[in-house]
Amino acid sequence: MPEDSIFETKGVKKNFMFVCNKAPYGTIYALEALEMIMISAAFEQHAVIVFIDDGVFQIKKGHNTKSTGMKNFSPTFGVVSMEKEDADEDDEIDMVWRIVVEKESIEARGLSEEDLVLETEVLSSGELSDLMAKQDVILTS
Amino acid sequence: MKLGLLVNEGPFNHQASDTAYHFAKAAISKGHQVLRVFFYFDGVNNANKLSEPQSDDRNIVKMWGELASAHNIDLVVCVAAGLRRGLKEEVLADGFRISGLGQMIELGLAADRTIVFGD
Amino acid sequence: MRILNVVNKSPFERNCLESCLRLANSGSSILLIEDGVYAALGNTAKSTLIKNDQKNLGFYVLINDLDARGLSEAPMIDSISRVDYDGFVDLVVDHDSIHSWL
Amino acid sequence: MPEDSIFETKGVKKNFMFVCNKAPYGTIYALEALEMIMISAAFEQHAVIVFIDDGVFQIKKGHNTKSTGMKNFSPTFGVVSMEKEDADEDDEIDMVWRIVVEKESIEARGLSEEDLVLETEVLSSGELSDLMAKQDVILTS
Amino acid sequence: MRILNVVNKSPFERNCLESCLRLANSGSSILLIEDGVYAALGNTAKSTLIKNDQKNLGFYVLINDLDARGLSEAPMIDSISRVDYDGFVDLVVDHDSIHSWL
Amino acid sequence: MKLGLLVNEGPFNHQASDTAYHFAKAAISKGHQVLRVFFYFDGVNNANKLSEPQSDDRNIVKMWGELASAHNIDLVVCVAAGLRRGLKEEVLADGFRISGLGQMIELGLAADRTIVFGD
């Protein structure tokens, strides 16, 4: 737990869901949401990072922002994957991260799993709907 | 009940900050506690003390500051989002403080309900 | 767990109400606020979005935002309940978590 | 012509179109676009103020923003009407203002002309398309 | 007069490409930039928006924004020409006025 | 050809300012003249000198200022939109000036083409 805590949250365990639903680069939401996801790791909570709608374009392979002058945040998803693996492997930490995409969203956009920079669980709308109903804190941007 | 609010958009340009304010006021009047309002993305601009709306319009920056001091609400502006946008101590309005993104996750843990207001 | 879904964008301009309707859990609630209140109108090209709901969702609309937009007297979809900011707070308290469809 | 001009624009005459396409109050675009339209009057140019898509909700009758704390800008449309009439009646000013709504936009939103705070020309998409093609400067927000 | 219509929003999220296609004058041009470039993809649920164009519009897409989004190699609709920022400037110069569909 | 640009959104949050910048640069390199860039709505935030992006990101505020001084572009921030949002002389970056909305209409008259960049 980071040092600057004010509220008493010791031992509190919650299910967080980060909903990534915006296209990358046209707006900053994808990038700053990613910063939020990275910070959350320090709190060792269960988290589902879910890509729906245009958010699936965030994890499309091959981003090259050079000629637009913008910052390419695609590599950070590799760090997200590592955080997830670390949590999975460390038995002493009670923390599970899931990385999920909605099947209907990638299909509507002509994408398949091979197009994505991350290994993800592909869930149908119905399955995702059930998963959403199990979350305590849902953060969108 | 303990509530946590997130405001993702700047004042005036989007209604998000107005809605969050009226929600917070209603919650307090019903006996609930607003632990913290965390300002992220363009939401950091809600803390700009130089904001000077027309005389026939509401002053969103002041409204938040006054609500916070009357009801002990922790108004936190994200340091990273603020740096990018030039919202720093130099222009920070009364009642707000600047801190890290961790304060948002901590709020999610401490509050019974977390509500996001944005675009 | 019961989720309160909050939609604040016009169904004519954005896809977020459609995404919410697709992904909302059966039996959960949807509150329309800000420009989202236009989805509550009963006689528009987008009225069927809510009228065709098969998931038994509970629909609510924020009166204050209807008033602001001159829609207090406009024809509304029957199944939608009106709430004010106090009612918004009650909905938040009565549900287990809140999903803002931004 | 206002005093603080820098560029040489004396005698220049252009057709301006102000496209109002955003719902009111959820964002500030409607209000600040209206401020822009009001200022433009001083330049005595031809202007078409057109309401399409959710912009037609800007001129819906009966706005009452009191309980949301926001500024009700609906009365300003009355001033826009007066500006238009002044320009129409004054033969010495070479300035025509037109206030237009798209038929398809109001119909899709269940509105009719009686619901609007302004007297407007109602044009079909096809007619509006032709009018748009005659503009020199198109300002959107 | 010939108009250059500029669309910068995703056709999956917003209605602005549809409005532009409805109101663009026959024979005018449409340039897709920023998140608007997703409309140029040839194999999506929104590809038909441009494929079904009956107005003989000229379609262009900004390469730089395709590259940023990892779409350089993705299947594009045939009738769309690629331009860079220089080409964007040329299009502005070659048309009589510019309409940004924000 | 004489060009006029309008920027309707703040830096970083939307790509509008980036696109306008790269368009302006390309236009100048092709021999055209950018008369003025007018910053309206949240676009006024592009003139905030306190903006301090991360070291691996672009500095939009500085980029505009440098382009303007190198090529004599008039960068104008709307006074009314700026007051509302707290973008005033106190935080105005080099190369920008604050003036009225009339400067935007004037630009439409003076420029051969006017292009709007926004959200």
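In order of appearance the chains are A, B, C, D, E and F, and numbering begins at 1 in each one.
In this text, contacts are C-beta pairs under 8 Å (C-beta built on N, C-alpha and C of every residue); 3 or more make two chains touch, one makes a residue touch a chain.
Note that the structure is predicted; figures quoted are calculated from it, not measured.
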Which chains sit in contact with both members of the pair subunit E and subunit F? A, D
Greatest separation from subunit C - chain, by CA centre: F
When contacts are scored as defined above, which chain pair ends up with more C-beta pairs, A-F or B-C? B-C
Which integer distance in Å separates the CA centroid of subunit C from that of subunit E? 33
Cα centre of subunit D to Cα centre of subunit F, whole Å, reads 24
Could you state the distance in Å from the CA-based centre of subunit C to that of subunit F? 38
Between subunit A and subunit C, centroid-to-centroid distance (C-alpha), Å: 26
Specify, in ascending order, the residues of subunit C that touch 2 or more different other chains. 8-9, 12-13, 15, 34-35, 64, 84-85, 97-98, 100, 102
Which subunit A residues sit where two or more other chains touch them? 25-28, 53, 67-68, 70, 136-138, 140-141
Name the residues of subunit B that each touch 2 or more other chains. 8, 12-13, 15, 19, 22, 41, 54, 57, 80, 114, 116, 118-119
Contacting chain pairs, sorted by label, are A-B, A-C, A-E, A-F, B-C, B-D, B-F, C-D, C-E, D-E, D-F, E-F
Can you tell me which positions in subunit C touch subunit E when the two form their complex? 12-15
Please name which positions on subunit F make contact with subunit B in the complex. 10-13, 41-42, 45, 48-54, 57, 61, 80, 83-88, 90-91
Under the touch definition given earlier, write down the residues of subunit F that touch subunit E in their complex. 1, 3, 8, 15-16, 19, 22-23, 25-27, 29-30, 32, 113-119
Interface residues, subunit C side, partner subunit A - complex: 1-3, 15, 19, 22-26, 28, 96-102
Note which residues of subunit C are touching subunit B in the complex, please. 6, 8-9, 33-35, 64, 84-86, 88-90, 92-93, 97-98, 100, 102
